[in-house]
Amino acid sequence: MKQLVVTPVRCIGCRTCEIACAFSHPAGKTPGRSRIRAFPIRPPEGGLPVVCFQCDQAACVLVCPTQALTRNETTGAVDYHDLRCIHCKACVAACPFGNIGYDDGTSRCFKCDLCGGDPECAKYCPSRALEFA
Amino acid sequence: MSALQATPVDLAPLAPILQRYPADRRSLVMVLQDVQAAFHYLPREALLTVADHLQVPRSHVYHVATFYKHFSLTPRGAHTCTVCMGTACHVRGAGQLVEHLERRTGVKAGDTTPDGQLTVETVNCVGACALGPVVIVDGEYVGSATARKVDRALKPILGGDGKEGEE
Amino acid sequence: MSERIPNLAALEAWRASLQAAHDANRKAIAICAGTGCKAYGSDKLAEAFRKGVAERGLDVDVRATGCHGFCERGPLVVIYPSMIFYQEVGRKNLAKDVAEILDQTVAAAPGAEQIVPRLQYKTPAGEAVVHERDVPFYKHQNRLILSFNGKIDPESLADYVRNGGYRALGKALGSMTPEQVLAEVEASGLRGRGGAGFPTGRKWRFTRTADAPRVDGRPMKYVVCNADEGDPGAFMDRSVLEGNPHGVLEGLLLGAYAIGAREGYVYVRNEYPLAVQRLTKAIADARAAGLLGDDILGTGFAFDLHVTRGAGAFVCGEETALIGSVEGNKGQPRFRPPYPAVSGLWGCPTNINNVETWVNVPLIVDRGAAWFAGIGTAGSKGTKIFSLVGKVNHTGLVEVPMGASLRHIVEHIGGGIKDGRAFKAVQTGGPSGGCLPESMLDLEVDFDTLTAAGSMMGSGGMIVMDDRTCMVDVARYFIDFLIQESCGKCTPCRDGLIQMGHLMHDLVEGRGTHATLDRLEALAPVVRDASLCALGQTAPNPVLSTLKYFRHEYLAHIDDKQCPAGVCKALITYRITDRCTGCTICAVQCPEKVITGEKKALHLIDEARCTRCGVCHSVCTFDAIDILPGR
Amino acid sequence: MILTINGRPLAARPGETLLQVARRAGIDLPTLCHHEGLEAWGGCRLCVVEMRRHPDEAPKVVPSCLQAAEDGLRVETHTENLLRIRATLLDLLLTRAPGSELIRRLALEHGVGDTTFVPQAEPSNCILCTLCTRACAAVGAFAISTAGRGAEGEISLPFVDDADACVGCGSCAAVCPTGCIELKDEGLARTIWGRTFQRVPCEVSGEPTITREHAALLSKRTGLPTDGFFVTDEGRRRQTADTIAALVGVGEGRAA
């Protein structure tokens, strides 16, 4: 099963990945929240992308009281089902890496779902810091 | 749902009740029955102990205790006068008996007299339909009840010389 | 009390010895100890008889039995073996009645008994009746289930066994497979006595075939006896439980054997303390005798029974609500499927039947399905116990074969309408049923005919109404009843009934218009179709059936602003007639003090200030006050 | 499994309810007490549909949120009878929740403006759909429940004032369709059911995270350490980035 591979040193900090992610997860007509973040903490060469690791023993899945976070067998991602969410935000507090957030605007959580198996960020990353292989 | 006065209640009778049943949810209704019988109502402190003992959330105990008509969360009178409002008793004038009792005691059906002596209540059928209308005073059945018969049965509780007892 | 019965042969041996030891023509005084007669003091009466027998050194058995059925004429006494019937014994003069019965009837040699006329039942024509079987109330009945009530002491296992008790269980455990017992019940055509009339055999079949979760290694299934009997005006389950608890136990044992259930619950409503007490004793005695628990009668069959009490909720008569209550929750119905037969108590297959259904089972197994199917109509087999109450002369429990006509029950058995007034309607099926007018009196009563007539069998409550009962008020009464008893889970029942209540109160309080009827007829189908459980689905029946058969009364309340029956306070007037003797009692008792008049002179009610509470009318011993429709 | 809804044959997966099948096919069925993440309740009855197992059978009105899909079932979702039922139900609900924007909107869609019935004396806007108590049960707090019976029923704390079990997670207020559960957040303070909680400030940004009680409950149910919950996602992501940066050699940028 393919995985999203991050090679931090190749990251040039251009943050195209964040734009691609926001545009491919629209909130109504406007771009939504980016599920990936390329932190500019390696000046001057580049940034450091952080995105959901789709953990095997996912803390977010463990704490969710209503099975709103479940493993997607085909993509391998932990998918968020907003209809099942009761907004208790336990997942946001429980994720040790901060890779799931709650958007008050849309009253929904946001996390990486590997774009259903074809991640946009990897597609547009100019420096192959993000690859889906 | 009025808030409840936290008068200190002696919980001694509670222990034997809790011993009688397995400590799980299925005993709840029966435990509440026995608590109601022992205290004549369900004291808040008793319900908290019941919740802990049966390992059931307090919200569930409260949810069940307020559902069933037999349970009361507020202290009831030392004596109880129950008027049956089943269909057979209704067509034989149970309604008039309730009005009579409400006039005599000054309290509405379902309430207790201020001196805490008598609770007047209605129930939807006690299964003695052939003797309608039926009134039960402290477990004693008054068959084919009339206002006068009821007053006579209530004499030891309400006193009064029964002069005001109508036919 | 009784030591353990090791096997089937020992049971039959014990039965034979009991029957041999029983001197059939030994005199016995059977005193009814059902709730009705107890209310009239039958306990004190039984004590007096025991003391009297001892003082006179008579060799006579004094026995407190279950409810004989003719409750209004309680306390009832039957002198065995000649079955001499006395009514209202000890109501007015206990000592005198006891003495006369003992000296004149009991002490005399058989055949030479003298009768105490004062305590005899008299027909409306004034003819005194001696024997119980000749009393019209009993003569027209076919008392299969209730026959035990008069004979046996409900607290004596021996009495039950002597009269054939547990023979069916012995037969089943000894020579029938569970499948055969089930087939027998299916072939009998027995239908549920709880109200819906679902074929019992088929229900058992569902539970038997459902696969069950395993509890300590073996599949766990339950049988439950629904003794909630919430229908107001129905008390046959009470009398069966108080009068013949072992009959219900034996039915449950047979059901458990046929279905493969290991545990059972009897869910008794809170308002029946005596029934709980008698059941608990019967269970203890049965367990001690090896008829309950492990290795029953040495056959390896194991079954145990618990009594749980309801706590005042009519909705708990509904199966899934009952299950919720036994599980320690709120009595709130659940969506079906899954039906309880597949997933009931704690997710295990559970078969729930009414008391009267269970108590029929031993008769079917003992005497065979063909015998049972021979009684009743094509679609409804066996007998049905009705609680005949209200404005009828003989109120009490009536057991008749299915198919008996309403007229037969109300007039022949019920002795016609009280005080010679006119019959108006009979209400059957409780809050889920309807009111049937005089034109339906010749209806042959069974499950299907009642449903076709817009009512329902229900548990068998039959409330007779005369011209002084207002049908609009009856419909209002049932809606108010259901508003109190709705569990509140679903919108149509919880909020729909509240609005039907407002509309009914508009009618009885004189604010009704034709629009009120349209609104009722628009809202009723929504409550009926969209409600979750039978309580809500059948709640509109009383309103719809009274609208169907008594629309003229509704129109009187709307157009003429009158209540023809003289019930609805806003639409009647109390007026003193010239029959008034001036005794002043009404003026004294009137709570509003609106009656004026001199002693010995015609009194006058100030009709403007009169609140129509009805006190004057009830205290007037000269029947001088008329209730006139309209204001 | 194939069933027809409004004449259209539709495929259904075993265990699916009629509501799920209908919504997947784009059929708009109104619901109030239903929530995909909570146990089905079947109380509001807005989602009722007519179903038939055999063509000649009379249609049966069933709640689509609970009725399982069956092979060969014939379902109608917008018959005249159903529309009348939904309109009446919304009319009835307006007597309880006149102030609810959602219910007013749904009622208008079914041709009902103000209620034609007698409104409750002091309407609380609560329609007793129990989404809140079911959410509280799912979270594992069991702090609130329905008290009383029938139309007198109301959502309540035990003994009206005992909020001990509440952990301040706010799920009840979030799922309430009529918004009649008050939740006030001011800075770190959160007030709900008459009790004020202090949300733990994020170790990095000082922003409010969850309450200590909620963390204790989560820890008890999952075994995760109680003090592991008090960093916002932004703050923690930054910590993750710093950790990775350290792992790959701080900031030199040389190929790993």
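Details
For clarity, chains are labelled A, B, C and D in written order, and residue numbers in each chain start from 1.
Keep this in mind: a residue touches a chain if its C-beta (ideal position, glycine included) is under 8 Å from a C-beta of that chain, and two chains touch if they have at least 3 such contacts.
Everything numeric in this text was worked out from a predicted model, so none of it was measured.
With respect to subunit A, maximal separation of chain centres occurs for C (centres as means of Cα atoms). Centre to centre, using the average C-alpha position, subunit C and subunit D are separated by 44 Å.
Remark: subunit A and subunit B have CA centroids separated by 61 Å (rounded to whole angstrom). With each centre defined as the average position of its C-alpha atoms, the distance from subunit A to subunit C rounds to 68 Å.
Centroids of subunit B and subunit C (each the mean of its C-alpha atoms) stand 23 Å apart.
Listed for subunit D are residues 146, 148-149, each touching two or more other chains. Counting partner chains per residue, subunit B shows two or more touched chains at residues 60, 63, 67, 69. Residue positions 313, 330, 484-485, 487 of subunit C each touch two or more of the other chains.
Contacts between chains, counted with the stated touch criterion, involve the pairs A-D, B-C, B-D, C-D. The touching residues of subunit B, when paired with subunit C in their complex, are 24-30, 32-33, 54, 56, 60, 63-64, 67-71, 85-88, 90-93, 96, 99-100, 103, 123-132, 134, 139, 141-143, 146-147, 166-167.
The touching residues of subunit B, counted against subunit D in their complex, run 1-4, 44, 47, 57-63, 66-67, 69, 73. By the touch criterion stated above, subunit C contacts subunit D in their complex at residues 313, 330, 335, 337, 483-492, 494-499, 502, 522-523, 526, 529-532. Per the touch definition, subunit D reaches subunit C in the complex via residues 40-46, 48, 61, 63, 66-68, 81, 84-85, 88-89, 92-93, 95-96, 117-118, 127-128, 146, 148-153.
Residues of subunit A touching subunit D in their complex: 7-10, 37, 39, 41-43, 45-46, 48, 50, 59, 62-63, 65-68, 81, 83-90, 92-102, 107.
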